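Residue numbering begins at 1 within each chain, and the chains themselves are lettered A, B, C, D, E, F and G in the order written.
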Amino acid sequence: MLILALKITMSEQPLSLSQLTGMIKASLRDRFGGQYYYVVAEVSNFSARKGVQYMQLIEKEEESGKLMAEISAMIFQDGIHEIEEFEKITGQAFGNGIKVLVQVSVVFHEVYGLKLTIHRIDPSFTIGELRRQREITLRRLCEENPDAVKFLHNRYYTRNQTLVLPAVISRIAIVSSEFSAGLQDFVHTLENNPFGYRFSMQLFSTKVQNDDQGRQTVERFIEIYHRKDEFDIVVLVRGGGSQTDLLMFDAYPLARAIARFPIPVFCGLGHLKDISVADLMAHSSEKTPTRVAEKIIEHNRSFEQAVLELRNSIIIKAQQFLSEQKEELSVLSSGVTSGCNLILAESRDVLFRLSSLVSKNSHSAISRQYTLLSAAAGRMAAKPLIRIERELNAIGNFSKGIPAESLKFLKQQKGLTEHYVTVFKLLSPERTLSRGFALVRKGGKIITDAAGVRKGDELDILLGKDLIQTKVSNKSKSDGYKNDL
Amino acid sequence: MATKMTYESAFAELKEISEEIENESVSVDVLAAKVKRASELIEFCKTRLRSAEKEINQIIKGMDSKQPSDNEG
Amino acid sequence: MATKMTYESAFAELKEISEEIENESVSVDVLAAKVKRASELIEFCKTRLRSAEKEINQIIKGMDSKQPSDNEG
Amino acid sequence: MATKMTYESAFAELKEISEEIENESVSVDVLAAKVKRASELIEFCKTRLRSAEKEINQIIKGMDSKQPSDNEG
Amino acid sequence: MATKMTYESAFAELKEISEEIENESVSVDVLAAKVKRASELIEFCKTRLRSAEKEINQIIKGMDSKQPSDNEG
Amino acid sequence: MATKMTYESAFAELKEISEEIENESVSVDVLAAKVKRASELIEFCKTRLRSAEKEINQIIKGMDSKQPSDNEG
Amino acid sequence: MATKMTYESAFAELKEISEEIENESVSVDVLAAKVKRASELIEFCKTRLRSAEKEINQIIKGMDSKQPSDNEG
C-alpha cells in the first residue's frame, strides 16, 4: 500500500499561499514528477462533471472496515476510454464500491490541491477481486444457512429452488426500479402474450443502482414476505442495456433473502458476464427480464397444453369407449344369434338321430326275437327226434341183448348139468366095481375098516356081478399100495 | 291259446322247454306234448312279433311322412 | 298190456331185467317169463317212441309249412 | 300330448326310451307302445323347435331392422 | 317126481349130492340110491332147460318177425 | 324395460345370456324368451350408447365452439 | 362451479377423469356426465388462465397510471 507523505517546510518569512503551494508543487514535481504508480484502492464518491470523472480512492481495513486512507482521483477526458474498456471487459459498471488496480500519477494543483490522475485501469484485477468476493459470499451463505443453501455436485441448491410452482402463474410481485427499462420489457411481454393470459402484477420499487449491499431491495422482499399469500412468484428484474451496478446482486443479505424466500423467485438481471449470486439462489434465472416473462407465459402455456391434451384424450377415449361398447354389443348380439341357430340345429340333429335310432333299434329288437324264436324252433325240431332215435336204439339193444343173454345163460346151465351127468357116471358103484374094486361085507354090512375083522370071521366079497363067500384065515398089516395115488 | 299270455311269458316258457329238451330232462312220455306246446308258443310269439312289427312300421312310416315337411318348412 | 305203464317205467323195468339176466341173478325157472316180459316192454317202448316220433314230425312239418309265410308276410 | 310337457322333459323321456330300446330292455309286448310314445315325443320336440325357431327369427329380424338406423342416426 | 320141484331146487339138490359123494360121506349102501336120484334130477333140469330154451327161442322168433317192420314202418 | 336398469347391469345380463347361449346351456324351452330378453337388452344398451354419444358430441361441440375464440382472442 | 376450486384441483380432477376413461373404468351410464364435468373443468381452467383478479387489476391500474412516466422518462 502506498501512502503519500507530505512534508511541509517552514521558513522565516511568511510566504504567500501561492508561493507555498508553488513550493509544494515544485517539491512534489521533483519527487513524483514523471513517475507512475500502480495503486490498489476502492472507488467511492464517483461522479462526473464536464467530461471529467471524479472519485475518492479509499482503503479500508479488511476486518473492521475502518478507513485507513483516502485521496481524490480523477480521470480526464482522454482516460474515459479506459473506463469504457473496463466496463466492457468486467461487465461491471465502474463506480462506488469496486476495487480497482489503477496506474496513477501524483498531481498537485494550487487551487484543487493534491490529486491522483488515473491513467490506466486494470480490469483483470477487478474481475479477480469480484470473483474472490463472490466466493466468500457463497461460502458464507452455505456456512450460515445450512438449512437453506447447499453446495452439491458442483452446484448450489437452495430452499427457494425446492418450491413447487403453481400450475398457473398469475399473481406476480415485481422487484425492480420503477424506471427500469427491464421492467417495461417484462410487463410488455407478459401483457402482450399471444394466448390472452391475464396477469396481476405489483411493483415493489427499489433502487437497483447504488443501493448499498442491496439493502433497499431486501426491504422490498420483506414487504412481499408479509403478503406472501397474494403472490405466485416474485420477479427480480433490472434494466437491460445500460451498464449498471451488479455488486448488490452478489451481496450476502439479498442472496440470503432470496435463498430462504417462501415464494419462488425469478431473476432477470440482464447481466452479460458472470451469473450473480442472486441468480444462483433464485428459483430460476434468465438473462433478461423479457426471457423471464416468456418463461412465465411458457409455464402457463404448458399447463393449458396439458389441459387441452387431457381434453382431447377425454374426447378421444370417450368416443373410442363408446365405439368399443358398440362393437362389443354387436359381437354379443351376433353371438346370441349364432348360438341360437347352433342350439336349434343341434337339437334338430339330435332329435333326428334319436328318431332313427328308435326306428332302427325297434326293428333290430324284433328281428333278434325272430332269430331267437327260429333258433328255439330249430332246436325243438332236431332234438326230440334225435332223442327218440337214441331211445329206439337203446330199446333195440334190449331186444337183442336180453334174448342173447338168456340163451347164453341157458347154455351155461346146460353145461353145469352136463358136468353133473359126468360126475355121477364116474361115481356110480357099478363103474367102480368094474375097475377091479370089491365090496367086503361082514354080517350083511359093508366094512371099510379091518379093525373088527378076526380070524375065522365069515366075509362076503362082492366082485363084479358075482358074490364070493369066504372065511378069514389070517390078518396082517399090508405093505401098502405099490401105486400110491 | 291263452289270452293272458304275453310275449315275455311265452318266450320264457319256450326257453324253459327248449332247455329241458336240450338237457333231456323231458320224459319221452311228454316229449311230444312239450314239442307241441313249444310250437304253439313259437306260433304265438311270431304272431305277436308280426303285429308289433306292423304297428311299428306304421308309426315309423307316420314319422317319416312328417320329416320332409320339417326340412322344407 | 298195462294201460298205466309209461315209457319211463317200461324202460326202467326193461333195464332191470336186462341187468338181472346179465348178472345171472335170474333163475332159469323165470327166465323165459322175464324174457317174455322184456319182449312185451320192448314192444311197448317202441310203439311209444314211434308214435311220439310221428307226432313230432307232424308238428315240425306244421311249423315248417308256416315258416315261409313269416319271411314273406 | 301333455300340456305341461317341456322340451327338456320330452327329450329326456325320448332319450330314455331310445336307450331302453337300444339295450333291448324293452319287452316286445310294450315295444310298439314305446315306439309310439317316442314318435309322439319326437313330434312334440319338433313342434317346439319349429316354434322356437320362428319366434327367434322374428326377434332377430326385429333386431336387424333396427340396426341400420344406428349407423345412419 | 315132485311136481313142485323147481330148476333151482333140483340144481341145488344135485349139487349137494355131488358134494356128498365127493366127500365120500355117502355110504356105498346109499350111493346107488343117490346116483339114481341125481340122474333123475339131471333129467329134470335138462328138461327144464330145454323147455326154457324153446320158449325163449319162440319169443325171439316173435320179436324178430316184428323187427323188420320197425325199420320199414 | 326396467326403469332402474343401468347400461352396466344390462350389459352384464346380456353377456351372461350370450355366454349361456354360446355354451348351449340354455334349454330350448326358454331359448326364445332368453333371445327376446337379449334383444331388449341390446336395444336398451344401444339407446343408452346413442344418447351418451349424442350428449358427448354436444359437449364436444360446445367446447370446440369456444376454442376458436381462444386462438383468435 | 365451485368457488374454492383451484387450477390444481381442477387439473387433478381432469386428469383423474381422463385416466378413468382411459382405463375404461367409467360406465357408459356416467360417461356423458364425466365428459360434461371434464368440459366444465377445462372451461374453468381456461377462464382462470385468462382472468385477472379484480382486486389486483386495481393495483395494475395504479401502476399503469405511473407507467406512462416510465415509458416517457
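The rule is short, and it goes like this: a contact is a pair of C-beta atoms (placed from the backbone, for glycine too) under 8 Å apart; a residue touches a chain by one contact, two chains touch by 3 or more.
For clarity, every value in this text was computed on a predicted model and none was experimentally measured.
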{"item": "Fewest touching-chain hops separating chain E from chain F", "value": "2"}
{"item": "Chain whose mean Cα position lies farthest from chain G", "value": "E"}
{"item": "By number of C-beta contact pairs, the top two chains", "value": "A-G"}
{"item": "Chain centre separation in whole Å, for chain D relative to chain B (CA means)", "value": "34"}
{"item": "Whole-Å separation of chain centres (CA-atom averages), chain D against chain E", "value": "99"}
{"item": "Chain centre separation (chain B, chain F; CA means) in Å", "value": "66"}
{"item": "Length of the line joining the C-alpha centres of chain A and chain C, rounded to whole Å", "value": "106"}
{"item": "Per-residue multi-chain contacts in chain F, two or more chains", "value": "11, 28, 31, 35, 39, 42, 45-46, 49, 52, 56, 60, 63, 70"}
{"item": "Shared-contact residues (touching 2 or more other chains) in chain A", "value": "195-196, 311, 315, 318, 322, 325-326, 333, 340, 344, 347-348, 355, 359, 362, 366, 369-370, 377, 380, 384, 388, 391-392, 399, 403, 406, 410, 413"}
{"item": "Chains grouped in pairs wherever the two touch, ordered by label", "value": "A-B, A-C, A-D, A-E, A-F, A-G, B-C, B-D, C-E, D-F, F-G"}
{"item": "In the complex, chain G residues that touch chain F", "value": "27-29, 31-32, 35-36, 39, 42-43, 46"}
{"item": "Chain A-touching residues of chain F, taken from the complex the two chains share", "value": "11, 14-15, 17-18, 21-22, 24, 26, 28, 31, 35, 38-39, 42, 45-46, 49, 52-53, 56, 60, 63, 70, 73"}
{"item": "Residues of chain A defined as touching chain E within the complex", "value": "392, 396, 399, 403, 406-407, 410, 413-414, 416-417, 420-421, 423-424, 427-429, 439, 446"}
{"item": "Interfacial residue positions of chain E with respect to chain C in the complex", "value": "6-8, 48-49, 51-52, 55-56, 59, 62-63, 66, 70, 73"}
{"item": "Chain A residues touching chain F - in the complex, by the definition given at the top", "value": "195-196, 311, 315, 318-319, 322, 325-326, 328-329, 332-333, 335-336, 339-340, 342-344, 346-347"}
